[in-house]
């Protein structure tokens, strides 16, 4: 089950509102539960380099059903997933990518945000998700 | 000079309206004058394969300041630009990508649409552009 | 607003002069504000591997509006942007890439240099920028 | 033996002069005899999509020691090299790429030009070569 266009747009609008509140310039991407791009929005004066990062954060979150930053903790030198960012055409493993989960526990997609500090990126991404669902999945194997 | 976020969203909304009128399921991409993604929208049940095509059509149009289909006519077997689609990480040279030109003749970006016949793709792309400008550039060297 | 051909050539000439003074063999790249290549020069006997690094350093600087080395400090293991170099087709995050900023605070592009120590690369890059502008951007959101 | 920096710059200046005479806006690339980028210049208002094409034309010419357009004649549907453009990370097989050959018959590199009609591209490329050598190689196996 995939996030609908309507829900994706709602998530982007929610993220956008938080970006404006925080005075940040963001790239915001929504992908479906297979990682395919559903909607994207780049604010004026956002970093050009953030386009790809926002999309990759969203993909990273949906590929493993967890916030991108959690994977980043597991992929530090010496940790179990060291180097995982070399897979899947390049993943981004710092915060700013979060799953979109509906009220039955299905993951329908993810949102990725880039353009400010990782704290702000994560804050804005979560604000987007909260307009249409939650970020937390039940125990794996969860469903998509 | 790049298309603004507000104008990009308006172009997508205009394209979307035409897509709904024609009963088609489209991917719609807007890029800035350098080819960087500015906004994207995938309608529910649009082909997944159209995501990349919509983006590449928009890039193709902005890279050469002309509708993607015009390049396709020049790149048929035996024609001067045969094989040009192998450049720039892959171009799409059939209709559906059109430049966005403002009333002073500047090209600010392009829109690319994929999801139906090339006639419908082109129709929907032009409807998007018409909400914010025109598709026709003055004689090259035009300005961006 | 993009760096002009004339300014790009002037920046390369300035960098080249410093490279000759320091007895180094450099690759020097200038990109516009969207990261597209504007001018490039490889000195005789420069490392072949430096071609791609010079271009990627310039892109890295312009993609985030800061010297490439600053991103490198944020992307060390355990730091907030660990792994960011996997985005944007590969970024180079050590010194040698610096933005080109005009006297009104607009970033018009960036220069990237590779071919010697990172200290020399950075020195030569800054000498190039100084012929046409400054390296320091005002507070984000800056303008391009 | 590779084209020197000095010669590469001279070739670019010669091409540039012809581009200005013909009122065209060109991207001009020089590669060495291994296909590695030696020098590059993008005129203001040249097509952004021509950056990659100019470089690929130069590589195509040097990879096979003949003008890019000659390969294009051999790679049409039904011809012996049909599809060769899929090799070498994408080749461009229409006119505008020509080898640089010195007075002893050594190929030291190639020049590639993109930005106008293929006739103009070829004209400008040959004007560049003529400032430092000739375009015609002796019978293969020639030497590099």
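Remarks
Each chain gets a letter, A, B, C and D, in the order it is written, and its residues are counted from 1.
What we mean here is this: a residue touches a chain if its C-beta (ideal position, glycine included) is under 8 Å from a C-beta of that chain, and two chains touch if they have at least 3 such contacts.
Here is each chain with its UniProt name: A, B, C, D = Heme-binding protein.
What you see is a predicted model; the values in this text were computed from it and never measured.
Across A-B and B-D, it is B-D that has more C-beta pairs touching. The mean-CA centres of chain B and chain C are about 31 angstrom from one another, to the nearest whole unit.
Look at where the CA atoms of chain B average out and do the same for chain D: the two points lie 30 Å apart. Shown for chain C are the residues in touch with two or more other chains, namely 33-36. Chain pairs that touch, as defined above: A-B, A-C, B-C, B-D, C-D.
On the chain A side of its complex with chain C, the touching residues are 25, 45, 47-50, 52-53, 56, 72, 75-77, 85-86, 90-94, 117-118. Within the complex formed with chain C, the residues of chain D that make contact are 4-5, 9, 34, 36-44, 48, 51.
Considering their complex, residues 33-35, 59-60, 62-65, 77-78, 80-84, 86-89, 91, 140-144 of chain C touch chain A.
Those residues of chain C lying in contact with chain B across their complex are 1, 32-36.
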